[in-house]
């Protein structure tokens, strides 16, 4: 119910937004790595970095929208695994890949729809529902494909998913991602649909009273998330040339961590896609750099954790400092003049 | 509900009985529903496999649930305050190893358990401080400490491991022993559970946890020391994760740097299945414990029925959803019935 | 019934000395001083955003003053939080209810200071009994074991009052406790307040209903733009005097009702039923007409409005806008048909509290301020600015979150949000709750003008004079049914109250 | 071409399969190069088994005058992580890498990229598909392991009764291969009284393996023996048995490390089990990598090379090099080993 309006007002940063900070941090990390880390700046490494980060980035797009609207989907990695498993199973049966891929995407849609219906029709908490489907979808994947590992997908598809344009750092797969990113940015930040998501996330009841079709919007979002997760599953299987039931296991935590790092507020109602994508690539780049300079996997985990904690504590501390400074400045200031002209009846 | 009577005669007495009792019962029913699901499941399994409820079988069921019950109890407290602690799995892993190292060096089991609890308390305190003083989203912070504690654990443990051979025989026997079908570990868990439940219902600070989860701003205005309470909930949760770590060591006799990885999702599932609401303010530790018992039992029931392990994961997930869906539908039905009963007309 | 109060030689129990408080650039209080004496009921008056709630929160230890002092029994004190103030014997009813929805009413009232048994355990039974006694004292039948979730605004307010009374405090501070209450509950509350005063308690009382101030208070302090204008006895003052101090100009007419000839039927409700809540509700509202919907708290008026708009599903019945039937449970189609609902709970239903003023007003225009499928930001801003100014919303920047606005100004934003849709049928539920007299007149003039322009208005209000002053026709609800329809000419307090309490045929 | 006009599995097959990743000519007498960098990439760092193996590798690399390094993911299911570590090693321009693959297919693209950059790739413990590496160092032939485990258990239960297998993940390639050989061995008439009732999967997780063991015993109360060809599985099963009424009654064997199993052998839960020496496995992988880099071998079948004190090894079919027969541990010899 009524969350503290006061606490929210305080939490809100008046000056520097966190997504900008993450973006800046990404740029700094990239610049530093280019100049100081051997093997980072060459095209091959960059293409690897981007290619390996793409699955997280792909799912982060709908996840950001979902989190903005106050929900979460932890079953994404399992949906990806399921669509990979189905892809492998159908391929083994001799179906054409051109037919298989749409079927896989359809399965993703169904997975998302199931999540969405459970959340919107029964009013169940999405966290609980998707922990359940996280197990269920992965389980179905296991039933579908068992212990097989399917690797013999057609070369032109594998090349598209794993290759890069000429000798540049640009993987082929980056281009469709950029298109999807553009669509997502416009959808979230410039359409009525996106606007309504912010309202739903911040106060579902007020959104309903404003005539926003809350349940429908959420259902659409869950379905989209399922679709994107299965697309990621297909991409994953082709990128790594391996369809197994346990593909992408644990990816949900990486996505959630990256989205959180990007400043998306899990209370809903706040955040930008730019921040989320910057968060995804910041984590990806850091991991790449740390491996190159021989930081052990264990230490990398610590760095990720510290980064997350700092990402929420940092803005808070910064705000307190700036608030304290503002208070000192404001004390002797003259009475304020409102921006709006004096109202005339 | 308001009856504005034109004359000043008291009217409060009238409403006292029906609504109150029923509402009271509803809350109990919620946990009863889970208990029922659990009993049905056990009965069906027993019908299909008479070995299931043998003395050994019951002991196994209780033992399996013990560790999850402890962690879920602590987690329930945190969730009731509208927060969450995702770092419990990492805490369990590192405390189990700490206890193991102590025992490996020929230490005293009691000291080892105390050490684990203390270490867990420390990490709980850290989480609590970050969440309450920083006033930042618990999900992010504890996801962060999940990684941090796990990282520290793996750096410290490296590829070392504690095996049963490193532990005093008495300690390992304690982990699997018990009084007939009731393991010692389960007795510890039950004692902790009952004490916590009593505290949550009958002590002011316990009720205040509910209050501040229900409406944090109102809690502040009511003069409840919000930060102190949140800190206490996290510390308690950490302490229980530490205790669970020590018991894990006794139970499995084996700890390495991966112990407890991914445990947070299981714990959260148990708490949610047990009817503790994620937006805070409602639910009980008994519910969380029942949820834990239900979840771990599913993992025993399926193998006992001879279900191929290929199916286990899918069935597990489906059951989890079913459990929360049934719980929800029952709650909705009861609410509707209540509304009709309380209608002011007629 | 005004009471000359004893501002005799006694020392003030609680006082403010030259207190200032700023929020960022907003200076909510400037060098304000105030004395509260035992045995007096002291009114605090001022326009929306004048700083009344801020003053109260400073007294209660919620805010720490930037400058100046709080004096308790003449000695400066520093409250570190609301708990400190409570321990000093200060009970506060805040403007917005602060309940724990998951806890029972009894727990809500005694949270943090439950009666104890040995070993510090809570005495649940004593808590319940004490709550029941409080409810009797206030003359309401709220069940102490009922959870607070789902209580109507009025019932929430009553629980807040009960909570404050349970303290037996030396100082009782009430921020608009009556805003959601109807006459009989207010009368009951005042009875209790008088008893407290007799017992020597100091009471600080805020209300935008001036008649209430004159009825119960002995002295009044007026605030304007965060500064104190005057502290004086109410004896001999008129309402006009008070308004002049508050607004700095004379009171405009409070009920500027324009005569309009009603047109064809715009809203038609037939046999609307929601089981257990209301039954068989039928009525029409014509273009140009203002229909008042009166009734006691809990009569089901709000529920009817919600079902008409579609946020609740109806179990039976039809709703038509200009002859077009509305889909059940679909506010979006109701909006598309030209219906607007200003809900009663502004914080939960009317506003998205952590969104900006601009975006909140823009929320209802998402479908209209669109160019090529995208939100037209320029149009959105000018639409929002336009209406914020029309309704005298007092804000620093249009991009500020609404949670930084004072209660009354938040209410104006809700009105702005819905008026901006240019509705054909407008349902307003307690439209002027918490709005100051000056603006109230403004809102009334606006409603009047809308009606004149052909909008059909259904006005739900617990403020009977408002209904009588504005409505062409008054519908009265009692226990979920419409019990009377009274034309303007015959509508008086007596006829309406008779129907509302079920006494009339 | 197919009826629906798309690309199918058959089309891909017809294109002709991959060839072995060998090129150039071997010179058995080429000198051993020094100053090479050999990167080890286990399935999981922090895993005692791999740590022992990689220690063996490190010792050998140093002995041969080259530089050793180890990288790797902290989770055994983080395939994407392992792929990026292959990339990392490629970027760091090591001369050879020894990889234990989490997935037979997933690492292929990255490994091929590495080989294109002149890096020699040896897999050990867990193989990839044959064309993605130069050679595979196998811990023991799957055939040896599978058959000997059945023999071990059969002796303990007098060639009579129900037995079950507790494996790791359902997808574990080597586990599955061994299980196939176990089933094949059981076809021998001398095992006619032994019935394999079930294969359970504990996913190399202590708790799950634990509960799977419980389940097996509840489902088949007359179970006589369990084979667990995974170090995690056998450990969990032993711990459960030793704390239950089945201790000593239900026989357990499989693959385990002496340090893990010492206690259970001594308290009578387990009679005998087996394992290869992981340190030797790592050492052979290191020596193979250096031999490849030195040009002594290319990975073709039939080539031979000298692996220091371990003696001479011959490359078998598909570039597979077998470490040798596993060691059986029991109460008599277990204290002679420490790993």
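Points worth noting:
Which chain is which? They are A, B, C and D, in the order written, and residues in each are numbered from 1.
Going forward, a contact is a pair of C-beta atoms (placed from the backbone, for glycine too) under 8 Å apart; a residue touches a chain by one contact, two chains touch by 3 or more.
Every value quoted in this text rests on a predicted model; they were computed, and no experiment measured them.
Most remote from chain C, judged by the distance between CA-atom centroids, is D. Chain C and chain D have Cα centroids separated by 73 Å.
Mean C-alpha positions place chain A and chain B at a centre distance of 29 Å. Chain B and chain C have Cα centroids separated by 42 Å. Chain A and chain D have centres, each the mean of its CA atoms, that are 36 Å apart. Annotation for chain C: residues touching 2 or more other chains are 101.
Each of the following residues of chain B touches two or more other chains: 154, 214-215, 217, 220, 257, 310. Listed for chain D are residues 45-46, 74-75, 170, each touching two or more other chains. A complete list of chain pairs in contact reads A-B, A-C, A-D, B-C, B-D.
The touching residues of chain D, counted against chain B in their complex, run 45-48, 50-52, 74-75, 170, 198, 200-201, 206-208, 210-212, 214-219, 221, 235-236, 238-239, 242-246, 259-260, 262-264, 266.
Against chain C, in their complex, chain B makes its touches with residues 1-6, 8, 10-16, 19-20, 23-24, 202-204, 207-208, 210-211, 213-215, 217-225, 280-282, 339-340, 342-345.
Contacts from chain C toward chain B in the complex involve residues 60, 62, 81-87, 92, 94, 98-103, 107, 111-112, 114, 116, 120-122, 124, 132, 135-136, 139-147, 151-152, 154-155, 158, 182, 184-185, 275-277, 279, 296-298, 479-481, 501. Across the complex, chain B meets chain D through its residues 49, 51-52, 56-57, 60, 64, 154, 157-161, 163-165, 172-173, 175-177, 252-254, 256-259, 261, 299-300, 302-306, 309-310.
Only residues 1-3, 5-6, 8-9, 12, 14, 186, 190-192, 195-196, 198-199, 202-203, 205-213, 269-270, 326-327, 330-331, 333, 335-336, 338-341, 343-345 of chain A touch chain C when the two sit together in their complex.
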